[in-house]
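Labels run A, B and C following the written order; every chain starts at residue 1.
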Amino acid sequence: MLDQLNRSAFRLPSLRTFRSLSPLSRREMRVGLIFLTPWIIGFLAFTLLPIIASLVFSFMDMRITDGILNAPQFVGLDNYQRLFSDPQIWTWSSGTRGSLWITLRFGLFALPVGILAPLGLAILLNNPNLKGTMAFRSLFYMPYIIPFVAAIFLWGGMLNPESGWINRALVSLGIPKESTPNWANDINWVYPTYVIMGIWGIGNAMLIMLSGLQSVPTELYDAAKVDGANSWQSFRNVTFPMISPVIFYNVTLSMVGLFQYFLVPLVVNNGTGRPGGATMFYNLYLYRTFFTFQNMSYGSAMAWLLFVLILIVTLFLFGTARYWVYYAGESRS
Amino acid sequence: MKRYTYILLVLVIASLVLAACGGGSSTNTTNNTQTTTDNSSITTDNTATSSSSSSTSTSSGRVTVRWFVGLGTGTDPGQITVQEEVVADFNASQDKIELVLEVVPYDSARDVLSTQIASGNGPDIIGPVGWGGSNAFYGQWLDLSPYIQSTGFDTSVFDPALVKFYQTEEGQVGLPFAVFPASIYFVPAYFDEVGLAYPPQRYGDKYELDGRMVDWNWETFTEVARRLTIDANGYNSTEPEFDRNQIVQVGYSPQWQTHPNYIGSYVAGGTQVYSGSSKGDYAAAYPDSWKAALRWYYDGMWGDQPFIPTGPLSGAPEFGNGNVFNTGKAAMAITPIWYTCCLGDFKNAGHEFQAGILPMDANGQVHGRVDADTFRIWKGTKNPAEAFTVLSYLLTTAADKLLPIYGAMPAIADKMDAFFAVKAGDYPFVTEESWDVFKAGLAYPDIPSAEQYQPNWNEAWARQQTFLDLLNNTPPDSLDFEAEYAKLLADLTVIYNQ
Amino acid sequence: MNRKAWRNVRLTMKSLTITIFTLAILFIFLSPFAFMVFTSLKTQDQISIIGAPIWPARPAIYENEETGQTLEMFTVPMSECEGSDGERGNQNLAIIRKGLRESTFIDPDELERGEFICAVSWRNLKRPWQFSPTWDNYKRAWESIPGTFPRVIGNTTFYALSTLVGTLISCTLVAYGFSRFRFPGRDFLFVVLISTIFLPAFVTVIPTYTFFQRIGWVGTWLPLIVPAYFANAYNVFLIRQYFMTLPRELDEAAMIDGANPWQILWLVIIPQSYPVLLAVTVFHIVFAWNDFFGPLIYLSTARQHWPISVALQTFNGIYGQQPQLIQAGSLMAMIAPLILFVLAQRFFVQGIVITGVEK
């Protein structure tokens, strides 16, 4: 399926292809490109150079540590050599896994939750029988607005094994204090804890899902009803196809976000990887290399590996899209 | 629909105008309540400032010197205000230099400074910064010797030993500003409650325990700390009824001195933590006495008779999110005098503290710690002479204002009395004898410092920190101390040689 | 009962069930928010008392009118006290002397009884708590934030709105280009666009900072605002996805009527896209409101421009963290985006209704 994708649109437009177009297509291309200009200008002016610079860094020894920065050197593939033999990234023995596997494992576990929870909530909040939808929407969105520095203390207060609200609630439900979870300090609980924290921040994804749901024309539901569809069938045949583009968006961005997951383990577990190295996510290790260890060059090499991995998964996702994402605007043959 | 189109159109035009005018003037537009007429002029000044590293002077003909605060203390709102006053005073005192204060919240300061230095746009002056913060940017500091000579700056106001601390192979990269000797902070009321004598207040004195005079060593300290670790039912940790799940008061909190190098230095004495002299033959070199100290620390948290708060306990809001002594839940803390900067909540809650001497080791030797903060000049500065002028101002004239807000004991002996007068005003209940304990602590510096240079400092320090974090948060049933310790040393050796 | 009335009852029941169900979820969902509110109303004192209630309160105090002495109150099981004579139940007593396993109390309601000893551990006793919110935290956060609070909020609003306009316009245009025109290389360009978010943002921060520093923008708003006018991957992708769901019949009809691409975008596409534009508006405002690292590095010499996200961090210093001020400040900071959120909802919902009529 990938080569199909390549053939259709992934070729760079050359002058030759442009000439081979019909006048109408040429016009379409010209107008289309005009609409893209804001991004193209911005990309060339602000984005491209830093990206190239980070690629160049990855072939250098550029560290602030010990004054190496004052005389940066080209070191060829040294950083990449280290990258592909770094046990912190690749270790696959039992016990502490490498950062890459930690990231992938958590991602496979968190991605479905990150899609289904906001979808379910959006469907609930879009229900015509629900009273006060506006208020509900605002309130469910609210946790997402909480400033970061406040959230740090907040999660400390909620999850603390000694006196956190969650464990207090469990104790008051009759669970003995000794057997309440240690949450972020327990190797078995730490990933569920992160997922729970993530659910609190689904306001954004919920809103996207809602905007998708609101765009489904009611005539389609009426038609499905006339055809005798039950609610699951009408979800399956009407709602899902109609909102599949926004689901696709959420899946893609969640995937990127999970590959780049680092802020929560950095703050909640001090970025030390505890318990037992289980939270040393790839991007956290990258962040620490980059800023805490001030090794910008090795950090850049790590970042480019991440770039390639995300690119591969993204292309794969885009390849699958034609089997399950329905674009009404593309239905013209 | 039309109406919304118009609204949208107006918004677009308005915002385009706003964006075109840049920040300053538009701040005035959006911010009706706070229309400051000089706002836009400040902005232009700052625009000039930022480009000044290439042109180095503002429109007013002054050379801009940036003062970066954030690697240590100095970022609290109250401290910012005082620092702003210092900047204003300095700018009013002469017309050659425009000093600009740059404050970055502590959590992000290293990231920001890394970015600026790597971009070649580092600040001219950085501080207050301690040994650790300085070593994190080892190789970035300017040798001050030529400027000391050319300006005739009088270094004899400082203790020569202190001046020597700042000499590295790169030259005289700093001058003393503030010193922070350590001591035991203790709460007399908790000692009274359990009927224990207070820690001694003169180095060399003994301690009375159960009617016998004993050495004030770590063993005695541990016993005292255990008897001061109390559970909800009033039992201490040496009693069989003690319930470790209901600790309400701990005997000892290593208040923010939670790093293997601190613990090793206090308990077993300062030592060089690596061996070798060049990349390739560096190796981790923690002495066995440090390993024993770390063991002691671990047992203090997770052993049968705990007296140190574990990670989860000290992280609880009730225990101050780590600031345990400040909440009045620790009978003793060991930490440098900078901790007196921030015991306001402790005082307001009606608690009182005094200072006691540090325990000695089995050989009768006391190992203290002396932190030291100063201001440093970035090697890449475009205006080293002007930066040195500012530096000497901060070290001398401005010190009177800055030292008290930093909780910093002056490196200049003449300023000592004034400092302790301010402190006595802040904490009227602290006795003269207690303040003398701090002064006496100056005689027990950690040499080399716990925050000493080690190759690849940041990564090594972080690896050591990770080890302590592991100890803090892992109960014995899931921790193999020996294996983790061996792994720490192995990892450190790799890091040193990278 | 006729069928119509029966149907009404069923509808009401349905709506009641679903509303209660949603409320239950909301209750759990908002507990972190309750944590914020409660913390913001507590004194540092209360935060550090073990076993204190989660709501803002202060322990009851007994004040002796004659001596002016204030004593802490505890709830004591009377059976443990001397001279109790089989007394049962708990009583609120004032503590005179604290001891490990027995303490001395007086009974404020029965002063003539004098001091007596109870064999209880005072640390383990419950205290009579009085509901006592401390509004002082709001005042202190308001006053001690660097700059003044209105100014900090003004800065943040300015940042959010000035970048919002650019984001909305540029992202809509680019998304239109990516969704309604076909040409060779379009999907390639689209993947290039998406790939700009694959590198973690902090990796490119040094070269980006260097670039803005060289052109003299560091210390001003420009590096934060100008790029917003040149589209970003997140929002273009989202709007494009939405545009792709819109059927082309209306476009084609308009084209036959002689409308040019701009008119089609303005008159046909945008009126159908309010929900997604609302989403982008809200995201962007929240993003700008909480954006921390960008303003921090570009405005570090320009404290008078600090937005709220940076200013709040100063309550989180190296030696002194003040959770109650952070929470109070954060709550005040959240008011504006919340109001905007509610307003935006109204604005766009109305928009949908109106377009519906025009159609």
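Throughout what follows, a contact is a pair of C-beta atoms (placed from the backbone, for glycine too) under 8 Å apart; a residue touches a chain by one contact, two chains touch by 3 or more.
Keep in mind that this is a model prediction, so the values were computed, not measured.
Chain centres computed from CA atoms place A at the largest separation from chain B.
Each chain gets a centre from its C-alpha atoms; the one nearest the centre of all protein C-alpha atoms is C.
Counting C-beta pairs in contact, the pair that comes out ahead of the other among A-C and B-C is A-C. Mean C-alpha positions place chain A and chain B at a centre distance of 36 Å. Centre-to-centre, using mean CA coordinates, chain A is 21 Å away from chain C.
Work out the mean CA point of chain B and of chain C, and you get 31 Å between them.
Counting partners per residue, chain B has 111, 114, 118, 317-319, 321 as the residues that reach two or more other chains.
Residues of chain A in contact with two or more other chains: 153, 157, 163, 291, 296.
Chain contacts: chain C has residues 50, 202, 205-207, 210, 229, 292, 313, 315-316, 321, 323 touching two or more partner chains.
Residues 1, 4, 11-12, 15-16, 18-19, 22-24, 26-27, 29-34, 39, 42-43, 46-47, 49-51, 53-54, 66, 72-73, 75-78, 80, 100-108, 111-112, 114-116, 118-121, 193-194, 230-236, 248-249, 256, 317-321, 323, 327-329, 338-339, 341-342, 344-345, 348-349, 407 of chain B touch chain C in their complex. Interface residues of chain C, counted against chain B in their complex, comprise 44-45, 47-50, 52, 98-101, 121-124, 144-146, 148, 150-151, 154-155, 157-158, 161-162, 164-166, 169, 202, 205-207, 209-210, 213-214, 216-222, 225-226, 229, 271, 292-293, 296-297, 300-305, 310, 313-321, 323, 347, 351, 354-355, 358. Residues 5, 8-13, 17-18, 21, 25, 28-29, 31-36, 38-39, 41-43, 45-47, 49-51, 53-54, 121, 124-125, 127, 129-132, 134, 136-155, 157-158, 163, 165, 168, 200, 204, 207-208, 210-212, 214-215, 242, 245-246, 248-249, 252-253, 256, 260, 262, 283, 286-287, 290-291, 296, 299-300, 303-304, 306-307, 310-311, 314-315, 318, 326-332 of chain A are the ones that touch chain C when the two sit in their complex. Touching chain B in their complex are the following residues of chain A: 62, 64-70, 153, 156-157, 160-164, 177-178, 182, 185, 187, 270, 272-276, 288, 291-296. For chain C in complex with chain A, the residues that touch the partner chain are 11, 14-15, 18-19, 21-22, 25-26, 29-33, 35-36, 39, 50, 54, 170, 173-174, 176-189, 191-200, 202-208, 210-211, 227, 229-231, 234, 236-238, 241-248, 261, 272, 275-276, 278-279, 282-283, 286, 289-290, 292, 308-309, 312-313, 315-316, 321, 323, 326-327, 329-330, 333-334, 337-338, 341-342, 345-346, 349, 352.
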